[in-house]
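Here's a structure for you.
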Amino acid sequence: MINAGIVGASGYTGGELMRLLLNHPKVNIEAATSRRLSGEAVSDTHKHLRGFSDLKFEDLGPEEIKERCDVVFVAVPHGTAMNIVPELIDSDVKVIDLSADYRLKTDIFEEVYGIEHADPRDAVFGLVELHPEIKDQSFIANPGCYPTGATLSAAPLAAAGLLKMAIFDSKSGITGAGINPTPASHYPNMAENVQAYKLTTHRHRAEIFQELNRLDSKLTDVSFTPHVIPSIRGILTTAHLFVNDSLSVEDVRDIYTDFYKDKPFVRVLDDIPSLGAVRGSNFCDIGFEVDANNGRIVVISAIDNLVKGASGQAIQNMNVMCGLDEITGIWTPATSP
Amino acid sequence: MINAGIVGASGYTGGELMRLLLNHPKVNIEAATSRRLSGEAVSDTHKHLRGFSDLKFEDLGPEEIKERCDVVFVAVPHGTAMNIVPELIDSDVKVIDLSADYRLKTDIFEEVYGIEHADPRDAVFGLVELHPEIKDQSFIANPGCYPTGATLSAAPLAAAGLLKMAIFDSKSGITGAGINPTPASHYPNMAENVQAYKLTTHRHRAEIFQELNRLDSKLTDVSFTPHVIPSIRGILTTAHLFVNDSLSVEDVRDIYTDFYKDKPFVRVLDDIPSLGAVRGSNFCDIGFEVDANNGRIVVISAIDNLVKGASGQAIQNMNVMCGLDEITGIWTPATSP
Amino acid sequence: MINAGIVGASGYTGGELMRLLLNHPKVNIEAATSRRLSGEAVSDTHKHLRGFSDLKFEDLGPEEIKERCDVVFVAVPHGTAMNIVPELIDSDVKVIDLSADYRLKTDIFEEVYGIEHADPRDAVFGLVELHPEIKDQSFIANPGCYPTGATLSAAPLAAAGLLKMAIFDSKSGITGAGINPTPASHYPNMAENVQAYKLTTHRHRAEIFQELNRLDSKLTDVSFTPHVIPSIRGILTTAHLFVNDSLSVEDVRDIYTDFYKDKPFVRVLDDIPSLGAVRGSNFCDIGFEVDANNGRIVVISAIDNLVKGASGQAIQNMNVMCGLDEITGIWTPATSP
Amino acid sequence: MINAGIVGASGYTGGELMRLLLNHPKVNIEAATSRRLSGEAVSDTHKHLRGFSDLKFEDLGPEEIKERCDVVFVAVPHGTAMNIVPELIDSDVKVIDLSADYRLKTDIFEEVYGIEHADPRDAVFGLVELHPEIKDQSFIANPGCYPTGATLSAAPLAAAGLLKMAIFDSKSGITGAGINPTPASHYPNMAENVQAYKLTTHRHRAEIFQELNRLDSKLTDVSFTPHVIPSIRGILTTAHLFVNDSLSVEDVRDIYTDFYKDKPFVRVLDDIPSLGAVRGSNFCDIGFEVDANNGRIVVISAIDNLVKGASGQAIQNMNVMCGLDEITGIWTPATSP
């Protein structure tokens, strides 16, 4: 059994890691840390876990974590992870960081986040479908929720050198903003609404750009506009993709099915994805249409932001890093309707 | 492996049976029937199952079902099941009927549903927590969704002979009304609303009454008023229970925890249950307060109507009927938040 | 024109007072106070009022308010109003207090709210349908949201001396908890949920009891259990009413239609009320069924908690106090669907 | 008083016309037609109107409508209006058609809708902010819901000759799909979801294109992708606008505020619009950001699809056609929250 630790386990990604790991046949949840809740039962915070785990939150230093755990998921805010990861990483423990701290090249990170990086090291970007080299890594930067759905929606065209410009218009459930109440998560503000925000300046654009540009260095025109919708979970991304060639529906279908042919968690559909069909699961569903007017290809991707967009993908990374089948423990259909 | 068949698999309970059975280590889904959809892929209707099953809907007669299946779940409307069950039941196949047809004693059924019963046989009521005799049965009438949550909220007091009068005020998610669109499920009618209906005449009252009266034949005053809330899943029942003795919080807690002490799917809580903590799971969470004014005990129970209120409970019944551990394949935490 | 002031105008009831008063043909909104937001435009907080009002929040003392205003709405939290009202009330200004401070007799208030009353004076309870004496008052305690819907659902039976026991099971929209984000208003906690709380101890029970007991002093058994539903606005109350006589549907209908015959804002329906049909309006819709099993009468009332449950009712009170037609400025159909 | 008739009054736009007209000081609702519901009370269908109107649906021929009405709103489906309008229009009655039949030039209509036009006449497109010539018309084609929000979001840049390419990504509430239940409006399908549809082929694209191209004939690249969100009302449009000049925030602000300076129902904001601030009202709120990366301007517009997107705009047209102040009877703030 793999002994897993979760650093910063009181939030949504921590809770979701535990929900998923409890069903993982090869993992024992060894430790869940929270300075603030140290000593309290994990299931007092994550009430759906009552009956499943007697675990208590602990306030652990890196030495004890490394001693007890084989794999550590770091689920703390950006800016904090960079102070924790270095003390964990220099060891034989495998580390998967769910924060933003190691997703971007250091100089880009510092520019985008406006803070100096305390630990300027490179990490592999943990989007399993694009990074086969994950299997040799002991440290992975788990992708952001928006970049997961956006990048997967456009990667096949970028990899084929066909993508000229990409505009990602994403719609996210409200758990993307975290477990703490704010005006933006206040029910009367969000119900019966859809709230656009950071129309041109969201930090996740840099991740999407980095990944697509890596697939095609000629691609420079990448835009991203996020919205919050009245849904607990899920991200639906509408990718308006302009290509530099005339592509038929069959062309596009071939490109996508071929690109994702050995990727069990990406389903290329004949119809338009919905959030219900991925809710609680690690899938990314993709559908598309070709615009007869201007060659625009509209690709829709649907993920669960807490699973494929965070905790499920982290476990998918763990599986690959540990030599397990990629789908181990997370091959579960969505809870639908 | 147990070969399972689902008769009438195109609706929500059919889809949920498949979602759950796909994760059951001892079950193979052998057949899913639908006359209307015969020949179509199951995953064209239940899109969240794409990638999990190549099953096609079939239009099968009882002989073929019995030949291929060890267990049959009947998920057709009330009034229809009574014409299918008799042809299945006279065999060594185990049958679990999810319709209302066999839940009530025949005379009560005919009175409540206003139709003549085509197959007036007795069946054990498949509320596992109350019916240990399920383990010897080959035919079970799976309880209704409302009766599951309502009966479990009051059973300990009824069994103790303490319950004088019970008023169940239940709030159900909209999947309770089925997969077909109606004005009652039309989004603009149900969002931002809570809709009471059949204030005094809902048929499920008879099931609740039958079960509680079985525990205490002196109990006659049982009322039930259902509501639909803007939620996909879940039933929260507020049980206003009047008792014929003065009970302290500790008394009530002892009665409930003792009654449910070996029942893994009932969690007696110190706080008030929420639908989120049971969503997608087979749990029934129970909490309560004692009214200092008049001895009323207000018990809240929360279930997922499609799981503990239907398909999960059917599998729980199957587990017991087949000699498996009651929790096999359905010991999964809720998808929360 | 009546010059109206709103003390504590930054919350939902303040915003709703302004929305409604802007359409009132006899009222000028003279002042809106907020210590915290003093100097800021009212429409920066209440964004739907942009273009309608150049008003700025002010931090005003009682003297200035009295000088500038003919009517003052006090929309501050309970415990605060009692320190503001006395300085306003001793004048020719009309005062309508929307807090809980003056709704209950002083001794009951102190017991229920656990604080000493700084200003133990009596006030008329501003439920216009029950208190014709409002027209002679210069100070009114505007009812709570839950008590409005609950009391109106049972008052006709209480007034007829027929009510033996009342159990109010109420379902409220989330604006009832106010404008400030809390875990209870956090979208992921409340969507797809219905949350029961204070099952037996909610303070509004005392108001309901006081009003019904005033109509029938023999009535003592009144219970109240509140819930929050995923809706922005609205309270649906399910009143389980036990009567000491056998009443037919026609009897009950006669009692209700007669009782409310000159009350324009109460609509006694032939069907079951919905929140949509009262949304944004000052109506209280009432429907019912008689339980053939036990003589229980189930009455459903539907109101908009911010209108008939707060600000609309306050204006209705103002109209009566000022000698205007009760419906002036608030005779508007619901925004439905 | 203007006597108004509504042809096809049983749907959402018919109900909304009546809700709004009931508050219009210059209008008497003279007739509401519905063949199917003829003889039934209007308030049996539109329950929020109970107490406001004794009107019954009638099945009227064009002669009788013309005789009784000064203004006729035609609220029947596209393809039907073209058979009704000609019989109404040849008279001194003013006609406002809310269907799609007269919004496009005939040849474009026939191409987009795939049907032959029975009445190939030109009509002025009733977007008041862009068509001052409405004041001289007796027949107006009221714009579609999506085209209203999309066109207003981009018109100032198009009119300035600055718009090179426009991609409209719109998110609509579910009432946009009408009053009849369908799988697309089934609560369990739409809650917790956002559903993209007709990614490249929605008919409303032609209206948007026609209007923007009219403002700048060089503009040819206009895309439109609609989505349905879990909201009853509202359309939020995210307009990704590419311009052929480098524009600062101040430039854009000047262009928009200047363009809309005498348009009372368009509010150009400093922040990002929300649906709550326009709910139930006739406003179109507009906000924007300039993308520092690529000169893209992201403009957000928010409308209520049933008001500014349909019935409110129809009344705005009526006001102008009848020589009334444009805002008469519809100058009402949103019902918010």
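Labels for the chains are A, B, C and D, by order of writing; each one numbers its residues from 1.
Definition applied: contacts are C-beta pairs under 8 Å (C-beta built on N, C-alpha and C of every residue); 3 or more make two chains touch, one makes a residue touch a chain.
Fair warning: this is a prediction, and the values are worked out from it, not measured in the lab.
Participant: Return the chain whose centre of C-alpha atoms lies at maximal distance from the corresponding centre of chain B.
Facilitator: D
Participant: With contacts counted as defined, which of the two, A-D or C-D, has more C-beta pairs across the interface?
Facilitator: If we tally the contacting C-beta pairs, A-D comes out ahead.
Participant: Quick one: report the Å distance separating chain A from chain D, using the average Cα coordinate of each chain.
Facilitator: Spacing between the chain centres: roughly 39 Å.
Participant: Express in whole angstrom the distance between the two chain centres, defined as the mean CA positions of chain B and chain D.
Facilitator: Distance between chain centres: 46 Å.
Participant: I'd like to verify one number: the distance from the centre of chain C to the centre of chain D, where each centre is the average of its C-alpha atoms, in whole angstrom.
Facilitator: Here the centre of chain D sits 36 Å away from the centre of chain C.
Participant: Send over the residues of chain A in touch with two or more other chains.
Facilitator: 12, 175, 188, 191-192, 230-233, 274, 276, 279, 337
Participant: What does chain C use to touch chain A in their complex?
Facilitator: Per the touch definition, chain C meets chain A at residues 12, 174-175, 179-183, 185-188, 190-192, 230-232.
Participant: State the interface residues of chain A toward chain B in the complex, per the touch definition above.
Facilitator: Against chain B, the touching part of chain A is residues 12, 15, 19, 22-23, 46-52, 175, 191-192, 232-233, 264, 267, 269, 274, 276-281, 283, 285, 332-337.
Participant: Within the complex, which stretch of chain A touches chain D?
Facilitator: Going through chain A, the ones touching chain D are 167, 169, 171, 173, 188-189, 191-197, 199-201, 221, 223, 225, 227, 229-234, 236, 238, 240, 272, 274-276, 279, 288-294, 296, 298, 300, 337.
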